[in-house]
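Next come two complexes, and both contain chain A; in the first it sits with chain B, in the second with chain C.
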Partner chain A sequence: MLAFAVRRTGQIALTLLLLLLGTFAVLRAAPGGPAPVLLGADYWSPEREAAINESLGLDRPLPVQLVLWGRAVLVGDFGYSYFHRRPAADVVAERIAPTLVLGLVAWVLSLVVGVGLGMLAAHRQGSLLDRAISACGVLALSTPTFWLGIVLIVVFAAWLNVLPSAGLVTIGNEDSLADKAWHLILPALTLAAANGATLVLYTRAATLEVLGADFVRTAHAKGLGRRIVALRHVLRNAAIPIATVAGLSLAHLLEGSLVVETVFAWPGIGHLTVSSVARRDFPVLMVIALVVGCIVVATTFLTDVVYRWLDPRLGYE
Partner chain B sequence: MAGAASETPTAHPSDNMRARARAGSPVARLRRISWSPALLLLGLVFLVALFAPLLLGDRAFRVDLNAMLEPPSAAYPLGTDENGRDVLARLLWGARATIGIGLGGAALAVVIGVALGAAAGYCGGWIDGTAMRVVDFALAFPSLFVILLFSAVFNTGVPQLIVLIGLTGWMTVARLTRGVVRSLATSPFVESAQAIGASDVRIAVRHVLPNATSVLLIASLSQLNRAILTEATISFLGMGVKPPEPTWGNLLIGAQDYLWSAPWLAVVPGVAITATLLAIFTLGDHRR
Partner chain C sequence: MFRPPSLFAALLSLLLIVVACAPAAPPAAKPAEQKPAAAQPAATGQPAAKTGAAAQFVIGSLEEPGSLSPLADLPHHFPEHVPQTLMFDSLIQVLPDGAVGPKLAEKWDISPDGLTYTFTLTDKAMWWDGKPVTAEDVKFTIETALRPESRSSTEGLDTIASVDAPDARTVKIVLKRLVPMFLAQGGSRGIVPKHLLANEDMSKSEFNKKPVGSGPYKFVSWTPGQAIVMEANPTYFLGAPSIQRVVFKILPDQNVILTQLRSGELHYGLITPKDLKPVESITSIKVYDVPTLRFFDISPNYARPFFADQKVREAILFGIDRQGIVDKALLGKGAVVESNAAPTSWAYNPELPKRAYDPAKAKALLDGAGWLPGADGIRTKDGTRLSFGVMINSYDRTLEQALVVAQQNLKDVGVDLSIDRVEPGVFGSRRGKKEYDALARIWNPVYDPDQAGLIRTGNFYSYSNPEVDKLAADALATSNQAARKPIYQQLQTVLAADVARLWLYTENELHAVSANVSGMQPHPVNYFWNLRAWKVQ
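Up next, the complex of A and B:
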């Protein structure tokens, strides 16, 4: 177990290091860089661009830039955001919480609804309910997330006027938790949709596979009630693949937040990524790459551990 | 005697089936395909994408300043957008970019994935181990983030998008292919082919892969879905195909500002995407 943890930590460190190097190389290789964006078309001139590049340290050779940047990172200095004129780390840190809240709420929602419906469909295979659930799952998977968000805004905000269309809070109500929860409903639903659909279909398939096993037949033959068999035998065995998919889906939720936060103007990392990409705000993008990399790697590692804990047949190799 | 098998072409049971399938006129062969609503829809979408310039001329780009944000009418069946352009024309033209990039990206992902996966699954040993390590490493980066990062740096036009989508999607295909090939590699027919001296490449291509087609077909269709969805998302975020060139994704960029006054702008492109993806998914189900 200890050897496993050590080996995994080494792999994680290597992955993150390569991620940072790759991001650094890609961003620094950009033709043009941030100067044209910072100056704007009217104010641009070759001299001003050279001055900005010098002040940002972008005219030094690439390896030098890397070393300087690496040294700064080790003390926690990620540079200043080109656009926000504040430390890039601060800009990102402010926006992590909304994304985490949105992501976790959506994850729990998709997990509860997805696994629940999936199991229901599997236990009643072939019935109208099963077919309806499967059809809804397929439909949700085929609907682009950004379009679903827009449609929900049209229906609930424009048409019915019952839910807010954007933002984290209404101006003036910043401290109200209920107001924040109110604003959370539509974005969380949108983000949970695709993930929930995947979980429904996957859970249904996994449960069906377990239901066909011999030991389930034996349990029924012994006289155990359907609910006990479902909970104690089927769920326990189906939980292994389901937990794996559920854990890995956190990374997909991060991708989904890119789109959902843009549609709903949710002030999180996803929205920041999209706007920073448009503005070529390299320092912020590097911090985001690091944060996203850490999150993905951490969730993958946790999923791996949970997966091996659930299934004693796998070792900790 | 040992080299005979690789010199003379060996008769294969599937040769007879293939010969029979080739028989008959093109019309007869077309009739033999089991047409379903999904296939018909996809065929329609494909044809529209192919012939849009012929059908539409420049109607997708013509601006009519007197008719901005018009609701659907006789002249403009799906209304006009905020620039006075015909929404229906832009929708039909948009199929080209979306389907084109979708097909290209998916094809690239499948080619890379099948090649690497088959090599890993068939060779086993350290090749397999290294390949799977590379796959795991590549899977650590969410594809949307990677593509966005690239688009921050380089200009992402159609060819770049195809390459990016392909390079971020091959991993799942590789895993699937490796699994199937690994399980097939120990089959008796592979063993006998090895025994009569067929080369590894020949066995992999001529004997193992044809038996994996059903799995590969489903993987390809799901890659196509993923590619279309990714292209639409990237274009919606403003980093893919940029206006005035329409794609189903970027048609929704402008629509966002007019959700109250012109909701049809937002509804139509999404319906197109959803319907196409549903059709592709159903196709995969049918084949099974």
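Up next, the complex of A and C:
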């Protein structure tokens, strides 16, 4: 177990290192830089751009820039955002929590509903319920997130006026947990829809596969109740492919969805990532790469641990 | 050996842990049971708050500012500009008709040679912490903006040779050369407090996030990605504002802005022509259709062979249905321009000949210039096809629609125009390296109609005309507006005749404002220049 942990830590460190190197290289290789945005279209000139690049240290050779950045990061200095003129780490830190909260809630919602409906559909395969659930799943999967978000806003905020249209919380009401929860509903539903659909279809497929196995027939023959067979035998065995999809989707949701964050004015890192790319705000993007890298690595690790817990036969290699 | 709990129990515990840890996450089932009306004021529309101490005005913006400091002012960029102009004061203020009025400076003198400006400041202006605004603050602001380390925009200030504060109320600025627009442009920069920033690195200071100004609205809070809240400054030297709270709300999606305008959560938003139909049906919203100074055109890269011939440029202009663009892409909220000025500019020349859409004339001109249709319908000459890409910024949606119309029109006369959308960073870099056939963009001469840098020899698209160079220099040789006006009009005539650029259109600004808000006076640059006097009924 210890050897497993040590080996894993090594792999994680290497992955993150490669991720950061790759991000650095791609960002610097992209045409353009932060200067056109900082100067504004009217005030731009090649001389002014050169001056800004010099002051930001962007005119130095790439390896030098990389080493300087790496050295600074090792002492905890992630640099200053070109656009926000504040520490890049602060800019990202301010927006992590909304993304994590939204991602986690949407994930749990999609997991509970998705797995539940998927199992139900598989156990009643061929029935009207099964067909209805599968159809809904495909529909939810094909619906563009953007469209779904806007439709929910139009229906629940504009027409019915029961839910807020956008934002994290009502301005002035920042301390109210209930208010925040209220604002969380529509974005979480939107985000959970596509993810839940994937889980429904995967769970249904995985469960169907297990349902055909011999040991299930044996369990029924032994006289075990339907609920016990379904949960302790069928789900337990179908859990591994479901866990794979669930784990991957968790990482995906925690990265922040640009679409949902834009539509619902949810101040998360999804929107920050895209706007920082447009502005070539390198310090912020490197912090985001690091953070998202850690998140993905952590969820992958957790998924691996869950596998081994689900199926002790896998062991630790 | 430890026997793991059942999977169901494990999932349930995971769920409970997640719910407990996530600060704002209720169990999924609950909200459906709650009756919304009572507890949640956010769910139901908040109309512009009634009069009294709670009066609040909410402005909607698609983008968030990077910084709230005037030293980081991205010139003319709405998200930076609005909060900064509410929280900071400038030496002068530009009035809606383009005239210059006092603000921090009560009066000013300009030396006969036009190089020395002496401003006398009011003694009543105060920073929010009670200290007076003095000439030292003005000197500090200008000097800091001009230092490269602060990475400030030096627009309007880069011609300053020296600035002095001989006493607390006098600022003396000496320019390097005569600059007719210095007063309007340089004088509009927000002034920052020296006593708080003397030793700060402006590119990293907390001041960017928590500003201290002297303006009519005081900074209260900035929730990243959400809103900037400001409250009225009761001791503002020009009079306390009527509206108590101003919220600058960030809503990145235009549909949500429209939804919130409708519900009354938003009292102001900028809308595009295609939003007009849904917005006009909302009785609680009033739309102000305001002509602006900005205009769009296509700048050809004169290094390309086909653009060198004036007849070809003129033919392309005749081959584009510009009025059609105004009607279809702008839905009539704009006008065709024949040169480099919009009708609201004081320098505008109304006598320019109009080049109405005339595909027959375009074809004739091209035939005469030796460009004959090839096998695919596109004209060629000496082996070169009359085909070019027009580079535009990815955020210029309406311009893109306009170019699609132009593309169709030009195809009919045998010219192939393709649209090349690129990100702002790439746009700037390719513009600098001249890696484009043509580029299209907006020009916004807000403080002064002068655009010498864009038309005299040495400009970014390599256009060169000695007559234009002479006129451009003449127009900058005097500060007298009455003397400059005919020169600019003459410039417009020359540029129009020469088809220096492919002139397109000007667009109006459409402001959607709550009907119960009064006092708005349209302004080409500072939309909230007199917010102090607005009232919410």
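Everything that follows uses one rule, which is that the second predicted complex is superposed on the first by the 314 of 317 C-alpha atoms of A that agree within 3 Å, B and C clash if a C-alpha of one lies under 4 Å from a C-alpha of the other, contacts with A are read in each partner's own complex, and residues count from 1 in each chain.
Simple rule for what comes next: a contact is a pair of C-beta atoms (placed from the backbone, for glycine too) under 8 Å apart; a residue touches a chain by one contact, two chains touch by 3 or more.
Model, not experiment: these values are computed from the prediction.
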Problem set entry | Partners on chain A (chain B, chain C) - clash or fit | clash
Problem set entry | Partner chain in contact with A:114 - chain B first, chain C second, else both or neither | neither
For this session: Could you tell me if A:263 is touching chain B, chain C, both of them or neither one (first, second, both, neither)?
Result: both
For this session: Could you say whether A:278 touches chain B, chain C, both of them, or neither, answering first, second, both or neither?
Result: both
Problem set entry | Residues of chain A touched, compared between chain B and chain C (which is higher) | C
Exercise. Thinking of the overlay built on chain A, is A:182 touched by chain B (first), by chain C (second), by both, or by neither?
Worked result: second
Exercise. So, A:158: does it touch chain B (first), chain C (second), both, or neither?
Worked result: both
Exercise. Looking at the overlay, what does A:44 touch: chain B (first), chain C (second), both, or neither?
Worked result: second
Problem set entry | 4-12, 58-66 or 328-336: stretch of chain C that collides with chain B | 328-336
Exercise. Across the two complexes, what residues of chain A are contacted by chain B and by chain C?
Worked result: 30-31, 150, 153-154, 157-158, 165, 262-263, 278, 280
Problem set entry | Residues of chain A defined as touching chain B within the complex | 15, 18-19, 23, 26-27, 29-31, 138-139, 141-148, 150-151, 153-154, 157-158, 165, 251-252, 254-255, 258-259, 262-263, 273-274, 276-278, 280, 285, 289, 292-293, 296-297, 300
Seminar exercise, completed: The answer for chain B against chain A in the complex is residues 137, 140-145, 148-154, 225, 229, 232-233, 236-239, 249, 252, 255-256, 259-260, 263, 266-267, 269-270, 273-274, 277-278, 281
For this session: Please give the residue numbers of chain A that touch chain C in the complex, ascending.
Result: 30-46, 49, 51-52, 55, 80-81, 83-87, 91, 94-95, 97-98, 100-101, 104-105, 108-109, 112-113, 150, 153-154, 157-158, 161-174, 177-185, 231-232, 235-236, 239, 261-268, 271-272, 278-280, 309-310
Problem set entry | Residues of chain C touching chain A in the complex | 4, 6-8, 10, 15, 18-19, 22-26, 28, 31, 36, 39-45, 58, 66-67, 69, 72, 74-77, 148-149, 151, 153, 155, 202-206, 208-209, 223-227, 229, 247, 249-253, 255-256, 259-260, 262-263, 265, 393, 423-432, 441-444
